[in-house]
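What follows are several structures.
In the two complexes below, chain A is the common chain; its partner is chain B in one and chain C in the other.
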Partner chain A sequence: MATKRSSVEEDSSSQDSKRVRMRKGADAEDEKFNPYLAHQYEEASNANGFSSPLDKLERHKTTAEQASKCEDSDLSPWTGQPHSQRYFGILQGRRNLPVQKQRQEFLDMYHRTQILVFVGETGSGKTTQIPQYVLYDELPHLDGKLIACTQPRRVAAMSVAQRVADELDVKLGEEVGYSIRFENKTGPKTLLKYMTDGQLLRESMHDHDMSRYSCIILDEAHERTLATDILMALLKQIASRRKDLKIIVMSATLDAQKFQTYFYNAPLLAVPGRTYPVEIFYTPEPERDYVEAAVRTVLQIHATEPEGDILLFLTGEEEIEDACRRISLEVDDMIRESDAGPMKVYPLYGTLPPAQQQRIFDKAPGPLRQGGRPGRKCVVATNIAETSLTIDGIVYVVDPGFSKQKIYNPRSRVESLLVSPISKASAQQRAGRAGRTRPGKCFRLYTEKAFKKELIEQTYPEILRSNLANTVLELKKLGVEDLVHFDLMDPPAPETMMRALEELNYLACLDDDGELTKLGSLASEFPLDPALAVMLISSPEFYCSNEILSITSLLSVPQIWVRPNNARKRADEMKMQFAHPDGDHLTLLNAYHAFKGAEQNGQDVKQWCHEHFLSFRHLSSADNVRAQLKRIMETHDIELMSTPFQDKDYYTNIRRALVSGFFMQVAMRESSNSKVYKTVKDDQLVMIHPSTVVQSPYDWVVYNEFVLTTKQYVRTVTNIKPEWLLEIAPIYYDIDTFEKGEIKSALTRITEKIRRRQAMKGGR
Partner chain B sequence: MESSSRPPEPVEDEECDYDVKTPLERIRPFGTLHRKQIAFVPASGNPRLGSADTTTTTKSHQDVANIYLSMVLPEDVKPPDASVEMEPAPPVVCDVCKLPMTCLAPEDTPNSQSQDGTPRTATPHENSLAHQLCLPHSHPPSALDRSRMGLNYLSTHGWNPDSRKGLGFDQQGIQYPVKTKVKEDRLGIGMEAPKHQPVKKKETVLDAKKVRKMAEEEKRKAARIRQQLFMRDDLEKYLA
Partner chain C sequence: MGLAAAKNKRKLGTDPNNTKWSRNTETFGQRMLRSQGWEPGQYLGVQGAEHAQWHTEANSTHIRVVLKDDQLGLGAKRNNGDECTGLDAFQMLLGRLNGKSEDALESERKAREDHKLNVYVERKLGTIRFVSGGFLVGDQVVDSPSGKKEVSQPSSATGSTVTSEEETEEAAPSKKRSKKRKTAEDSSDGEERKKAKKEKKDKKSKKSKKRKAEAEAEVDAEALSKEKKSKKRKTTDDSDEDASSAEQSSKEADIKESKAERKERREREKQEKQERKDKRRAEKAASKSATESGDDTSTEKKRRKGNSASMATSGTSTPVLSGSSTPTIMGSSRYLARQKFIAQKKLAFTDSTALNQVRSSPYPLVLYFGRLTLSDLHDQVIAGAIDCVRVSALLFVMIPNGPEFGRNHQQRYIIPQIRFISLKRGG
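Right, the complex of A and B next:
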C-alpha cells in the first residue's frame, strides 16, 4: 500500500485504539492526529513516490463525489500504477449501472447505521459495485481490516472477484481476492475478499468475532443457504459485541422485510434493476405431462412469436437432455415444412462440463437464407438459470413449475433430491428472467388458480431441508452453547436437531451432554462431513491413513466415472479394469492409484483419463482436495501411513477403517439370495445401485449415499463383516438398543459366535 | 402470445396449407404434426412483472423504496368477503371459537337469561363440535422417545417436547420436519393424480376362444336372470 500509516479514525472508540496498538506495537501511530507531526506524515507518503487521492478521504465520512474523483484519477489509488485504457472503458459502463445513481444515498445510510438491508434486482450491479463503494469508504488499507462479500456459490465468488479486480484495475489475488473451500486466492495486500458463505463460516470458527473484517456483506441472502442463515444469526450476535463492524445484507427479491425485522428493523435501501415488464400467461387447464407441454410451448413460441431467445426450466439432466433432443427434432421438421427459422438448443445443468456450459452464451443463429426468418436459441436449464446465471437475450421464459430440491427426512435419515413444485417467489424470479433485454413474456404451464393456491410463498430455506450434523458441529465449535434458543431466522425442526446431535454423539464428536469432545473439535477442523472427518482421524489406528485420505478426497468431489450415453458398455468395461471385488470404495482407490501412476510415468494424463472413461477434471480436483486435507492432517499431527501392499490385510484394513466412520450407513441383506437390503436402525428397504462393481455382495455392506429415485438405492458400497461393527462401534451396535427384528437376531448370533470363539481360545 | 391466446383461427384454405403466400403467422404451427395447441391466457389483475419503464425512473429514490414496501406489505390481501358479510346484521361472535353463534335458541337471548336468573346451561352452540375443539385442553404428549440423547440435550436447554413449540429465540420454529414426497409422474401442477385408473386399465389380449367363452358366459348369465325374473311357476302353470 502506498500509504501504510496509522489508522485510527477520528471517532475511534477506546476499543479501536487498543486493537491498533496490539497490532502495530510501539509504532508511532498516533501521528495522524498530531498536528505537530504532520510534516513527517507527508514525507512518508512522498517517500512512496506519489500521494494517493485517498489521502484526502476520511473514513466513514466520504461522499460519492470524492470517491468518483478517486476513480477518475490517472493513477490507481490502490496500486499507485497508472490506470489502463481498459479501466476507463469499464468505468464508463459502471457509471451507467442503476446503483450508481444512489451511491450517495447508500453512503449516507451506510454511515448512519450498523446493519443495512439492501435490495437490488438482478442487473442492478449490486454484487460488483456495493463492495467497491464500501471499499472507498472503509479505506481498509488504513487499518488492515478487510471487507468480505459472501456468495452462495463457488463459481460466483471466483468470477465476481475476477470482474471486480478488472474494474479496480488490480491483479486478482492481490488487492481483490477470493476464498472458497479448497482454494484460497488472497494475499497480504488483499483489501476486498469475495468468498463462499461456507468459507466465512469456517474462518469464524477460529475468529469468533470476525475481527479481521470491518465490513461483511452477505450477498444473495434471499437464497437462504444453510451457511448464510447461520452467518446471519452469528453476525446478529457479533454486531452487539463489535459496534465497529458493519453488516450489509443484500437480497435480490422483494421479501426484504423479513430481513429487516430480523435485524432489529434495520433500514432498507432499494435500487430498481434494469428490467423490463414481463407479460405472464397461464394455461387454462392443468397439464397432463409438463415436459410434453413445455416442448410444445417452446415450438409454439418459435412458430408464432417475434425474435428473442427462449429459456425453459426443467428439473434434471435426463429430463433436459430428453427435451433438447425432442425440440431439435421438431424444429428440423418445422424448418422443412413451414419455413421456420433455425433454432439452437442448449442444455444447462450443474454436472455439465464447463466448456459446454459456456455454449449457452453463444449468439443465436442467423436466418437460414437472406431475408429468411431469424434464428433463435433455446436454453433448457435447471434452476441454476433462476438466479445465479444471467443469459442475455432471453425474451421468453417457459416455466413448468418444478425444480429438484434437496429434502432431508430425520426419521429415515435420508437426504434426497426430489422433484417438487416451486414457490411463488421462485416463479416470479423465473418470470423476471424474460425481461432482461426488452419486454418479455413468461408462459407458465399451470393455471392461475394453481399458482395462487398450490404454490407455497417462499421456498423452504435450506436449513429446514438439510441434515444438520455438520452445522451443529460447526456451531459447537463456534461456541454456541444453547442450540435451542440460537436466534436463527428459521429454526429447524426439533427432530432434525435431535438427529444431528445423536449422530455426532455416536461419532464421539459430542459427549452425552452435547459438549464438544476433543475428537469433535479436531473433526471440525476438516471441511468435511463429520463421518468422513472421523474416519480420516481414526484411520491411523487401522494403518491406512494414506489410503483413507485418498478415498475421502474422492468422495468429496463429483463422480469420477464418465459414462457417456453412446459408450456405456465401453465405459463399464473400463471401470471393471479398476474393480476390486470387495467394494466400490476400493475401486475408487484403484482408479486413483492408476491415475497417479499414469501421471508419474509421464503419460498424457488427459488422454489417459479419456481412454479410461474417467473425469480428468474431477480426479485433479480430488488430487487438490487431497493435498489440502493432507496439510490439515499434518498440522494436527495425524500420522500418514500405509499397510504394505503385499500384506494380505491391505484392503481389509481399509474396509475396517471405512466402518469407523460409516457405521451408521450399513445395510444388511433381508434374506439369503435376496437382492433387497435393510438399513440398520432406520429399516429402509434398499437395493444396491446398479453402478456397483461388487459382484457378490456380502450380507453386510457399508454405503456412501442413499439415492431415492423410483426405487431406493444405496450407492458406492463395500463389503464388511458384522464382527467389525460390534468391535469398532460398540455403542451404536449395542444390541439392547435395537428393536426386535432380523438385524437384532443376526447381531445376537454374531455376539454369541464371538463369545464362543473367545471361550475356546481361553480354554486352550 | 397474442395469437394463441385466442382460439386458433381456422386457416382459410385448409387444403393449401403450405401456400407460400400465406404469412407464416397464419400457418398452423406444426404442419404435419397436428398437435393440439396449448392455449395460454394472460394473467388477470396486474399482469406485468418487473419495474416500470426504465426511461421514466425520475421518481425520487424514497418512492422506489416505498413501492417495494407496498409490494412487500400484505396490502393486496383485500378482505372483500368480510366486508360483504359484515353488512347484514352483525351476528354474535363467540369469544372462544370466534365463530358466529348461528344456532342460538330463541330462549337463549340475553333477555330471557336475565329473567331466569339461574346459571345458564350449555347452549347448543357451546355443545357444537367446533366450539368444543377450541376450548383449552391438554394435548397428548409427544411421541418422541424420551431416552434419546438429542431430546435430553434440547430439554436441558429448555425445550419441552410436549409444548408444541419449535426451536429458536421465541421457540417460533417449525414443529415438524418438512415432508418428503416423491414425484414419479410428469403431471403438471394442479393436475390431480388419476386414482385407481391404472388398475382398471388391465387389458388382456383376447383370442377367439376367450371371446367365445365370454359370450357363452354372458348368455348363461342372461338366461339365469331371465329365469329368475320371468319363469314363475304359477305363471308357467297358468300358461300351460
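Right, the complex of A and C next:
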C-alpha cells in the first residue's frame, strides 16, 4: 500500500490519467479480497482536469493562510465550479468561530504529531471545522485516501455532513458524504466522510489497517460509546503499524488528560468554547418528587425570570410527555389569569420522529400583544441535549439529576435501562448548556451535599454497562486474539467478558478453543445481536427464513405497538386482532403481514397504522432494516424460503427457528397454577409482561427481553415445546450440567418420553 | 418502611445474584480468560498501563445500581414525609445533657426556626428555592470573591474567575435574592412579576383558605405564646388576601371568591364540631386519669410549671411535613387526616382541664419515656395494656383516633410528645 501511495504522490495532479490507470490495475486484483476497498481505487476526484489553487499546496506543509486563500477564491478548489453567494455568507460565519483563531496552531501541531487530542466545547465549531482544516492539509484527492470523522449518533453524522457539504459548497454524497448503518451516502469522489463510530468499526473488520483512510477523527470521544472505545483501542494498535495514519481524538470536556495518557501522552490542543458564566442554584433540601419539582421550577422561571429559553432534563419518553402536558396546562392557566408570556413546550427524546425533533429549533413565540411579556420556549429533553445537541437561546437549565442509563448484569444476563443519578461531569455539562448565548442559570433539584456525596465523578463508559457478546464477536473478527490484554481505555469487568464468551460458545460462534467458527464469522456480518444473527442464519434449516427475517427486523426496531394513554383499551383490542395464541413473536409477524397487505392494497398506510394503533415510523423502519438484512443474506447465499402458509407446520417451524437463536432465553413455569416463571440456568424468577397476548399460560416460553421494574418481567414471549430445546440446543440443555431442581427433573422426564417414543418407533 | 407503606412484595429466587455461576470456575468464559493469562482479581486490559490509574471498581465487577421506581428527588429519603414532629426539642435536650452551652443551643434553635419559617413560607407561596453553587465558567465552577467553597472538579484548573455583584448576597435564599436583584434592575418589571405571583396564589386560594381555616381554628384554641406567631401568619395571609382581592377585577373571580368563602365557612363549622368532639373526648380521658391521680402533689406543681413550658415549645413545632420544598399536596386524604390529627393533639395540649388531669397523674413520666420503644408501645396499645393509656391524656388523644391508629405514624408521634414532657423536667 505504501509504495503505491508514494508513486501517486510523485506524479501529483499533472498526470491524473496515469494515476487513474494505475488505480484500475490495482482495482482488479484487490477487489475480490476486499469489497470495502474497491471504492478507493475507483476514485478519480480531480481527474476532470481543472486547475485548482490546491495544486500549489504541499501535503502536510500547508498553513492556515494558504488554506484561507483557497477558501476565498472564486472557484471552488474541490469542484472547479464557481462558489455560490451562499458560500461566502457561510464562510463569514465560519471565520468567527472560536476554532478559527487557532487554525495555524492546530496545523502546526497536526504536522508534528501522529495522534492529537483536541478539546473544544460544543459550539466551538470543532465538528464542522476541524475535518475541513484536515481536508485542506491532507489534500486527499492526491492519494485517494479519505478522511473519516466519526459521530456517536446517526442523526449527527447526517446533519453534520449536510452542513459541511454546504460549507464547502459541494453536493452531499460527492466530495462530502456520510455512511451510517443501513445507509451509505458516499460516492467515488468522496474525500471527507462522516460516519457513525459503529460503521467505521464494521468497515475495519474487512480492512484491519483502515488503509482507506489517511486521517481518522474520533469526535465526541467523551461520550465513550462502545464503538468509540473499541476504535480507540484499535487505532492505538494501528498507529504503531501505520505511521502515516493520523488520528485526532476530539472531546468536549476537560477530562482529556485520560485520553492523553492513554494515547502515549499525545499533545493536547484546547479551544475555549464561546461560553458565558452560569450561575448554579441548589435546593436547600432534597425534593420529594423530582418531576413535580421540575415542573414547578419551570413555571416559576417563566413567571419570574427575564427572557430566555428553558431546558429541562428528564429521564424518559413517558415522563417527558407527561411533564410537557402539565407545563402547557399550567402556562395556559397562567396566561388566562395574568399577563404571563406565552410558552411553547417541546419534548425531545431519541424515538421522537425527526420532524418533531427539529421543532426544538423553532424560535420562541413572541409576546401575545404589543409590549407584552416576551414568550419563551421550553425544551424537555433526555440527556440527548446534554452534549451533542446545541439548542440556541437556552438560558435556564433545570436539572433533576437523573437520567436513564443502560446497565448490564452479567450474572443474571440482564441488560436494562434504569433511571439512575447522573455523574458530576454530566451535571456540569448540563449546567453548561445554559451559558451558550448569554449568562445563564442552572437550577439543580438537589442539594449541594447530594451533588458532592451522591454523584459519581464521571459517567461510566458504555463498555462497562453493556452486554459484550456482540463486541467480542466483532473483536474476534477484527483479529484480536488476546481479549485479556486488549488495550482498552476502560477494560470491562472480567465476568462480563466471561459471559460474552460463554454465550458465543453456546451459540457456536466460538469453538471450544475460543476460535471464531464459520458460523461466528458469518454472524459478525450482520449488524445484529449474535443470538438474532444466529437465528437468522439457521432459519433456512426450518424452512422459514423469510418469516424469521421479518421477525428479526421487527425485534431490532422500537416497539411497533402504540398505546396512547387515552385509548389504552382500544389499542389493546386492536392488538388482539393480530394476536396469535402461541405468542408475541407470531403476533408481531401477523401485524407486519397485515401492514404489508394494506400497503399492497394501496391503502393509506399511515391512516391504516393510526387506526390499528401501530407505529408507522417503526414499521417502515423495520421494513427498511429487513431490506438491508435481506441484502446481506443474499450476498452470503443464505436461502430465503417459506413454508407454505396452508401447511400446519407454518407456525411451528417459526417457533422452532426462534429456539435456535434464543435457547438461552427460556423460562419454565414454576408450578402448574403459578404465574411465576424461572429462567433456565440462571434461575431468576420472572413474570410474563402484561403487554403479552399470550393468554393460556404455557409451561415453557422463549423470551426476547428481560425487563427490570419493581418486578422482573420477560417481554415478547412465545410458547415452545421443551423437546425442541433438547433437540436444537443439546449442548446447552445437557442435563448433566443442570443443578438439581424443577427444571432438571422436567427435562429428565422429557428425555425419558422421547426415548420411549423412539423405542416404540424402533419396535414397530 | 413500616406498616403504612404501600405493599411491595417481591419473590426472590434462591440465588438472585446467581453466585452459582460466578463461583463456577469451569465455565467456558473463565477457562478462556485463564488460558490467556488472566488471574481472578485482576483487571482486564494491559497490565501496568499508564491509564490504569483511572480504573475503578467498575472495571473489576459489574456496576451495581439501586432500582429506582419512584419519583423521589436526589438525596431525598423515602419516609421524609413522616418526620417526627418536634424532634428538634429532643435534640435540645440531648444537647443539654451533653453540656452544650445555652448560647449554642439557642443559636441552633434559631436556625431551626428560621428553617421552619422558610419551609412554611415556601409551602404557602409554593416556591422552590435554590442555593447558589457558584458560576460555571467554561468547564469549571468558580465561586464569587465572597464565595467560600469550590465545587470539586476533577480536571486541571483554568485560572479565570468571574466576579459578579449579584453573588455577594450569599446566605439569603436564592428566591429572595433573585427578587431583590430584579427589583434593583428594573422596578417596573417587578410590579408585573408580583402580579403574576399573586395570580398563581389566587389559583391556590381555595386550598390556602382551607388551610387558613384550620390555622384559625388552631389559633382559637391555642395558648397565648402561640398566638403571636399565628397572628403573624394570619396577617400575612390577610395581606395576601387584600392584595389579591384588589387585583381581581373580574366578576368571575368574585364568584369564585364567594364560593371559596362559603366553603371556608363550612370548613370552619366542621372544624368546630370536631373540636367540640375532641374536647369532650379529652375531658373524658382526663377524668379517667383523674381517678387514678391523687398522691404525689409536691411534684405536681413543678410539673405544671414545666408543662406550660412544654406547651410553648409544642406550640412552635407546627407540623412540618418535610424538609422538602416541594409543597405537599394537601388534598391527599392521608395528609388531611394527619392534619386533623395534629390539630387534635394540639387541642389536647391546650385544653387546661385535660392537662391538669395529666399533671396530677401519679406516674412519673420518665418511666414511660424509657418504655416507649416504638413497637412495644404499639403492641401494648393493641393489647389494651392500661399503662399505655395512662401514659397521659396527651397520648390518649391520638390513640383512638381512627385512621392513624395502628400505623407507624402514630409510633413516630408518640415519642416527641413524651419528649416534651421530659423536656420540661430537664429544663
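In this text, the second predicted complex is superposed on the first by the 709 of 764 C-alpha atoms of A that agree within 3 Å, B and C clash if a C-alpha of one lies under 4 Å from a C-alpha of the other, contacts with A are read in each partner's own complex, and residues count from 1 in each chain.
What we mean here is this: a residue touches a chain if its C-beta (ideal position, glycine included) is under 8 Å from a C-beta of that chain, and two chains touch if they have at least 3 such contacts.
Given the structure is predicted, the values throughout are model-derived calculations rather than measurements.
In this overlay on chain A, chain B clashes with chain C. Once the two complexes are laid over each other on the shared chain, residue contacts for A:271 go to chain B alone; chain C is not touched. When both complexes are overlaid on chain A, the residue A:739 reaches chain C alone and has no touch with chain B. After overlaying the two complexes on the shared chain, residue contacts for A:512 are found with chain B and with chain C alike. Looking at the shared chain after the overlay, A:598 reaches neither chain B nor chain C. Of the two partner chains placed by superposition, only chain C is touched by A:676; chain B is not.
Look at A:105: by the touch rule set out above, it reaches chain B but stays clear of chain C. When the two complexes are overlaid on their common chain A, residue A:424 makes contact with chain C while staying clear of chain B. In the superposed model, A:499 makes contact with both chain B and chain C.
Looking at the shared chain after the overlay, A:457 reaches chain C, while chain B stays out of its contact range.
After the shared chain A is superposed, the part of chain B among 24-32, 78-86, 114-122 or 132-140 that runs into chain C is 24-32, by C-alpha clashes.
In the superposition on chain A, the residues of chain A contacting both chain B and chain C are 121, 254-257, 272-273, 275, 277-284, 286-293, 296-297, 299-300, 303-305, 333-334, 337-340, 373, 400-402, 407-411, 418-421, 428, 431-432, 435, 442-443, 445-451, 454-455, 460, 464-465, 482-488, 490-502, 505, 512, 514, 708, 710.
Here chain C touches chain A in the complex through residues 8, 10-22, 27-30, 32-33, 35-38, 40, 42-47, 49-51, 53-55, 58-63, 65-69, 71-77, 80-81, 118-119, 126-142, 151-156, 162, 164, 166-167, 173-174, 178-179, 182, 189, 192-193, 195-200, 202-203, 322-326, 328, going by the rule given at the top. Contacts from chain B toward chain A in the complex involve residues 1, 3-5, 18, 24-25, 27, 29-33, 35, 37-44, 47-54, 57, 61, 64-65, 67-69, 71-73, 144, 148-154, 156-159, 161, 166-169, 171-178, 180-184, 186-191. The touching residues of chain A, counted against chain B in their complex, run 101-102, 105, 119, 121, 254-257, 268-284, 286-293, 296-297, 299-301, 303-305, 330, 333-334, 337-340, 373, 400-402, 407-411, 414, 416, 418-421, 428, 431-432, 435, 441-443, 445-451, 454-455, 460, 464-465, 482-488, 490-502, 505, 512-514, 708, 710.
Here chain A touches chain C in the complex through residues 121, 253-258, 261-262, 272-273, 275, 277-293, 296-297, 299-300, 303-306, 333-334, 337-340, 373, 400-402, 405, 407-412, 418-421, 424-425, 428, 431-432, 435, 442-455, 457-458, 460, 464-465, 482-502, 505-506, 512, 514, 676, 678, 681-685, 708-711, 739, going by the rule given at the top.
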